[in-house]
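Each chain gets a letter, A, B, C, D and E, in the order it is written, and its residues are counted from 1.
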Amino acid sequence: MRLLSLIFGLLMLIQPAFAQSADDAYRQLATGGFTERASAIETLAASGHPKVLPILKALSDGNLQATDAGALVIDGKDALTGAAVTDSAAPIPLNNRVRSVLRGAMGRLALFDSDPAARTAAVEAIQASPTPDSIPLLRTALAAETVPAIKERIESTLAIVELNDPDPARRIAAVKNLGEQATPRAQGLLRTRLAAEENPQVKTAIDTALASIDTRLSFVYFGLNIFQGLSLGSVLLLAACGLAITFGVMGVINMAHGEMIMIGAYTTYVVQQVFRTYLPPSFLDWYLPVAVPAAFLVAGAIGIAIERGIIRFLYGRALETLLATWGVSLALQQAVRSIFGAPNKEVANPTWMTGGMEIVAGQVVTWNRLVIILFAVAVVAGLAAIMRFSAMGLQMRAVTQNRPMASAMGIRTGRVDALTFGLGSGIAGIAGVALSQIGNVSPNLGQAYIVDSFMVVVFGGVGSLWGTIAGALSLGLVNKLLEPMAGAMLGKILVLVIIILFIQRRPRGLFALKGRSVES
Amino acid sequence: MTLSRPLLLTLAVLAGIAVLVPVLNGMGIIPNYLIPLFGKYACYALLAVALNLVWGQCGVLSLGHGAFFALGGYAMGMHLMRNIGTRGSYGNANLPDFMVFLNWKELPWYWSGFDILPFALLMALVVPGLLAFVLGGLAFRSRITGVYLSIITQAMTYALMLAFFRNEMGFGGNNGLTDFKDIAGFELSNPGTRVGFFILSVLALGGGLLLTWALGQSKLGRVMVAVRDAESRLRFLGYSATNVKLAAFVLSAMLAGLAGALYVPQVGIINPSEFSPANSIEIAIMVALGGRGTLIGPVVGAVTLAGAKSWLTGIAPDLWPFALGALFILVTLLLPKGLVGLKLPKRAAKPVEPTAVEEKTHA
Amino acid sequence: ADTIKIGVLHSLSGTMAISESTLKDTVLMMVDEINKNGGLLGKKVEAVVVDPASDWPLFAEKARELLEKEKVAAVFGCWTSVSRKSVLPVFEEKNGLLFYPVQYEGEESSRNVFYTGAAPNQQAIPAVEYLMSKDGGDVKRWVLAGTDYVYPRTTNKILESFLKSKGVAAEDIMINYTPFGHSDWQTIVSDIKKFSSAGKKTAVVSTINGDANVPFYKELSNQGIKAEQVPVVAFSVGEEELAGIDTKNLVGHLAAWNYFQSVKSPENDAFIKQWHSFIKNPKRVTNDPMEATVIGFKMWAQAVAQSGSTDVDAVRQALYGQKVKAPSGFEAVMNTNHHLSKPVMIGEIQANGQFQTVWQTKGPIKADAWSPFIPESAKLKADWTFPWVCGNCTEPRFKPL
Amino acid sequence: MLTAENIQLYYGASHILRGVSVSAELGKISCVLGRNGVGKTSLMRALMGLQGIRSGKLEFDGQDIAAMKPADRARKGIALVPQGREIFPRLTVLENLQTGYAAVSRADRYIPDEIFDLFPVLADMKNRRGGDLSGGQQQQLAIGRALVMRPKLLILDEPTEGIQPSIIKDIGRVLRMLADRGTMAILLVEQYLDFARELGDTLAIMERGQIILSGKRDEFSEQELRAKLAV
Amino acid sequence: MPDAVLSIASQVAAGTALYLDGVSVSFDGFRALNNLALVLAPGEMRSIIGPNGAGKTTMMDVITGKTRPDTGDVLFDGTVDLTKLDEAAIATLGIGRKFQKPTVFETLSVWDNLDLAASGPRGLWPTLTARRTKSLAERIEAVLVEVGLTDRRHILAGSLSHGQKQWLEIGMLLIQDGRLLLLDEPVAGMTDSETEATAALLLRLAGHHTIVVVEHDMTFVRALGARVTVLHEGSVLAEGTLDAVQADQRVVEVYLGR
């Protein structure tokens, strides 16, 4: 039954493209330019020849080669005859146009695959660039389809094509269908149609559909905007978190904070390279969970070294730490440049952090950002727990508020200082792991975040972890809500102006402590 | 008031430099290329002196002083730009090149008047002063102190940097203003003009030093120290800490603007990177390196830092950040009073403040 | 002196070190090569390397130092336009020689600078023409996205007027600028998505520069913008930039250059081999600005040899018409407007971080110093031979008698 | 318990303590008196290790502590109620008390009820920030905080400053009681002569960096002491 | 506050030096001052006592503009509404204060501390052009003698001992020569003989100045012989002579103890 309809469908497709013989098409595929290749693919796909699908698949995977003589070769064997080929063969290059023709062609062939996933992919491929030719095929597929989700997809694809159908009733049906989709694409198609439409009934139908799309899309966009704001906020939060400790709690004007982030990112790179070099490829996806503790330890250890070597001589001379840590920052950047070279290093998202989840309408929530938001929450929660509930946290705060008195209370201030600075640096290192997933890994990485980090910590209120959280999230949200209106450039300027004005209202930051305790 | 010995010495040295350098240059002992370089150092030094006035004396750490410097520079740059006249690429008498090729039809209103040198010079002082007055007025009235003040000044310079990047602003975008030809009839590329600017810069530096010194000697100077120490306590004695800080901030911004105006003709370009937060931090670094709160510390710091950069980027292009970084670290660790602490052993003129104070006002 | 000094003026620290430090190594490699072959005019060539540290005023200072103190015969350097603008007065005042190896916005022709990178007509316009062709996908709707500075601004201005001349409606062009080092591309990428889903084939022309590219492409890849649907063609993304990005999901996005590492030519094979052995790392890639540096260096060396001196005026004269068989496999020619004739190539990103050429000009294209698409500029001509002797005039400086 | 002998202390060039010797014994309250600026606070800080000394012998519990850091001295059982209160301003009252845990064994990491009995206001204001308290409340907190450390030697530098009369009386009673238990030595700096005379088992008077008078309480008459303390 | 209400208050307050009525202050819900009323006649000296945390310092904060009251009238001279003014303006009216915790300018010398405090114009220009006059120097010397810091005049205030700072602050108050002097625990940390000296000093000032003294030292309070106000939980618990107040069972209960 299914096979029958398949053949029926294909036959309908073959009609217009019968001019060339399959042999010609194979030769063109092997030796032609991109244009010839594209039409050869169309012809072959239409021919229904059983060898076609494997050949196209090989082509799409980059496994199809061609000899100078025009023979097609897969894995050293002639693709048509299966005979071993000794002539040298080169992979057949693709370009975007050929790739999209290929995708469409394979999609049509796969419309009747037994695997629903393959069928879904097939419909998607056709949906990307549907042509009137595909209508009969889609109709056939629709009739045979049993999975409701795929059925729906086919219908919506049909609607895209039938939007320009001569029959007004069909057009109205298509408009209704598109109206329910609420995608920017449907919106665009309907707008274009509206401009050309003459039938008043269809026109009203389009107007209604557009109105409903507009409202629904504006919700979607707003929601997406909020997500983007949270995402930016969580990035700022991660970047600033370590500084909330080294600067916020300890009072060290830590200009080398950015370099701790950078070191975390480079640690991630090294861990990734170790996985790539020494472990089987299947483990590669799990380099990230290893990179997190590694970055914490490496950056933390460097932080402790800096504290013991330099910072500890400067307590009570807060401003001098500016000068010294600026020096540290220069040296660390150059050290990384000497070791790893100046150009960017590639850090790949693990597969589970690649791509995204389409919520609606082609609008995507990307996995890497989602993971980073969750990661930021986890890091902050952990940090808050340490500061609030552990003896160490209490000692850290006591030491930084009154170092001599803390030591008179039996607190080993040296150890606490080193560990606090180490903790702040370690957290910065962890931030580096996250940042390596969305940005570049270069010796300048830290410089890109240092100003923002200070801004967040100060804006939130120095010494308050909650302030840092609120500061980061609000700056992220405000930035992302402004950006669509003002553009990235003006948006950023506005955010800075808002910071300046806001601090006028709250001269000690969002989460300022009030009362006498501030002055003492 | 009588001029103190160190001040006299400093002024004498500066006067000596202003005379000797041109003479040695004339004799061929100091090569031409060093003249604008030295002039540039003098401008940085004046800038550092300006920052020291608010930071060293009043305890107000501005991380946006580069903005005042740059605004002064832009004022001068606009004048120089207007002076190009028809000598630009597109030969337009009225519009600078960058406006021509962005299809601007007429000069924006805020460019008017800049063809007149005295007006441009006035603006080099007034614009930074006005900005400092508005921002400082708001901030000091709201009792913003310490890092909060530092951060809003940083936000200010950052915002200005982004704004000046925008071509729509009419200041030449990222490339800024360049291709200058002459000023007051003197060709900028003429060695004589260079020497003139060098002398002017050194004189301005001397003037700046004299001014800060005189302030420091006056009772107002002591009030400034009190502001730095315990601003809130000072209010209970009836002084307006707000006004004191504002006055110092505005004065300092104007000095910085002057430094910028002198800097641009010697360097030949002004662009938004002068507004970058890192530049402003570097000014603070100069002051701290030389010795914050001392008279000549900022000069020493500025010349050392700029000089070290010039020298090291030439002889050790791959390693200089290590050397400079090490210098910063060693100075902080070994010379708590900065580089000038090295020269005045024991007989500390101005004593250091006790540690607790600094934490209170800045942490 | 018994050596010929040349200056290397590329940032080795600061933000631009990412790109520029490679060019320093390229110059050193060329110096090394020429010295192995016996030097120039019987003398060794000595490279004086300085670090202008991505600091524009420092560029001017270092240029002066190279010319006045080191008395170098030529300088190879600069990447950003602002750095070039800041050294320009120095080179003109001291009559120095600067070889500038990066694609840029044009609108300049200084007597003292030789521009070996692409002008807009050697990169941007051909790329857009390609995308408008059937092969390029028949693009009808355009996003011009760039970093907010002169090069993208000018390039986009030229492109906009070019597109409009081709009948593209204003509503089919979206222009977007971002700050240097912009790192959060969520909004813009989703805006591109919205813009592209209106039904017309859409492409993105990216003049995004430097640091901002990695996060841009990561966002692009994760938001699932596929090259077949919305191709992105970039003018500032080469092999070196790709080396810092995971390109698995970027296959098919494009770049336009005058050279790709993947070019098959004997010159290129030799160049790549030489680079790998010089830098002692077989994984390092080559790219267009490196090629431009190599061309510049070879032309300078040939001109010095030809004129028998390092005198700037003599070398300048000898440079006009100088030809070099470039790694691109074509013969690059130095024109009297101080710009090169070079081929234009469009490549698609491959999973291995290389480009595959999908289109290229039949032969070298001559660079326009002044763009015909800017009204004021269209009138200008750069020609440093008699009787013009001029980088920007509308008529010859000297009228024939 | 504690013996300090011939302590010499300088601030830069100025010689502040000139051969001071003091001692404290278990079960006894030793009281140091003296006018402003004679060096009492400097001496106490030196004993705690907060101020370095030029020379002199410092022995606690039979051990030389001269080179020990303050934290180690605290862990050996010395606690200080400093002049000027030195509360951790942004820690809550409870957290301020808990800072004392660092010096005691795990088993002792709780706040003895008697502290709240003595200073009920600390219980009421447990969650208020230390820096928000009134001066007298802070002083009470400083004493409470030292007691959390269960010290063997308790040093109090003018502990009654700013405290209301009724609580001063309570503090006196508690100090007496603590001393009488025989597990604690107490070293008390006071200006308030009546309080010192009532509590001190031994008295010492300082004058310009030196002890000019010392002995058992009963050895001196009030007039004699007042005369020494007057200008 | 509406003007009408204020004018009623100023009628009642006419002729007083300091007039507080219905003043309440709370911090995060905790009432530090609760409907407090206090009236001082010109030239009067008043002792204020009360348990720790009663609100004595907070009251001074309200008078000097450091803390804004939630409600209530605070009038100086019967006419000037202090709640509308900032600290500096209040100080220039002639209201001086010594803090409970001694606060001096630590990086200035003792002499400069007194110089800054010395009465005189406070504007920018007069400050810039101020000269060191002989009469001023004499005044400073006199105060130095009074507070016993003659030999410390060139020392940085930061390196004074606790008690010396107390004295310096008293000295600053003296030289400021205000009309209303507020002293928060002036004899804390002083020896008994210094306490007596301070009492004598204040008694000499009384009459020319209106003085408010907060103290816990009953000997000192007795020596002042002034009228005593007892504060408790932010309002007045008792008022009268020291003897009367000491006899009040509630005062004994909350403050003096048995």
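For this structure, a couple of remarks:
As a convention for this text, contacts are C-beta pairs under 8 Å (C-beta built on N, C-alpha and C of every residue); 3 or more make two chains touch, one makes a residue touch a chain.
In UniProt terms, the chains line up like this: A = Urea ABC transporter permease subunit UrtB; B = Urea ABC transporter permease subunit UrtC; D = Urea ABC transporter ATP-binding subunit UrtE; E = Urea ABC transporter ATP-binding protein UrtD.
Worth saying up front: this structure is predicted, and the values here are computed from it rather than measured.
The chains that touch both subunit C and subunit D are A.
Of all chains, the one whose mean C-alpha position sits at the greatest distance from that of subunit E is C. Sorting all chain pairs by how many C-beta pairs they have in contact places A-C at the top. Central chain by Cα centroid: B, whose mean Cα position is closest to the mean of all protein Cα atoms. Between subunit B and subunit D the centroid-to-centroid distance comes to 52 Å (mean Cα coordinates, whole Å).
Here the CA centre of subunit A is 64 Å from the CA centre of subunit E. Measuring from the averaged C-alpha position of subunit C to that of subunit E gives a distance of 74 Å. Averaged C-alpha coordinates give centres for subunit A and subunit D that are 62 Å from one another. Chain contacts: subunit B has residues 162, 165-166, 232, 318, 321, 356 touching two or more partner chains. In subunit A, 333-334, 447, 489, 492, 515, 519 are the positions where the chain touches two or more neighbouring chains simultaneously. Across the assembly, subunit C contributes 12-13, 148, 179 as residues in contact with two or more other chains.
In the complex of the two chains, the subunit C residues touching subunit B come out as 12-13, 49-53, 55-58, 60-62, 64-65, 67-69, 81-82, 85-86, 88-90, 93, 107-108, 148-150, 153-154, 157, 179-180, 374-377, 380, 391-392. Partner subunit D is touched in their complex by these residues of subunit E: 27, 30, 50-54, 56-57, 100-101, 148, 159-164, 166-167, 185, 188-194, 216-218, 254-258. Here subunit A touches subunit B in the complex through residues 251, 253, 255, 310, 313-324, 326-331, 333-335, 338, 447, 451, 454-455, 458-459, 462, 489-490, 492-493, 496-497, 499-500, 503-505, 507-509, 519, going by the rule given at the top.
Listed in rising order, the residues of subunit B touching subunit A in the complex are 61, 135, 138-139, 142-145, 147-148, 150-152, 154-156, 158-159, 162-163, 165-166, 232, 277-278, 281, 284-285, 288-289, 292, 318-319, 321-322, 324-329, 331-333, 336, 355-356, 358-359, 362-363.
On subunit A, the positions that touch subunit C within their shared complex are 34-35, 93, 95-97, 99-100, 103, 128, 183-185, 187-189, 191-192, 224-225, 228, 231-232, 235, 333-334, 337, 341-349, 354-356, 358, 362-364, 366-369, 437-444, 447-448, 479-480, 483-484, 487-489, 492.
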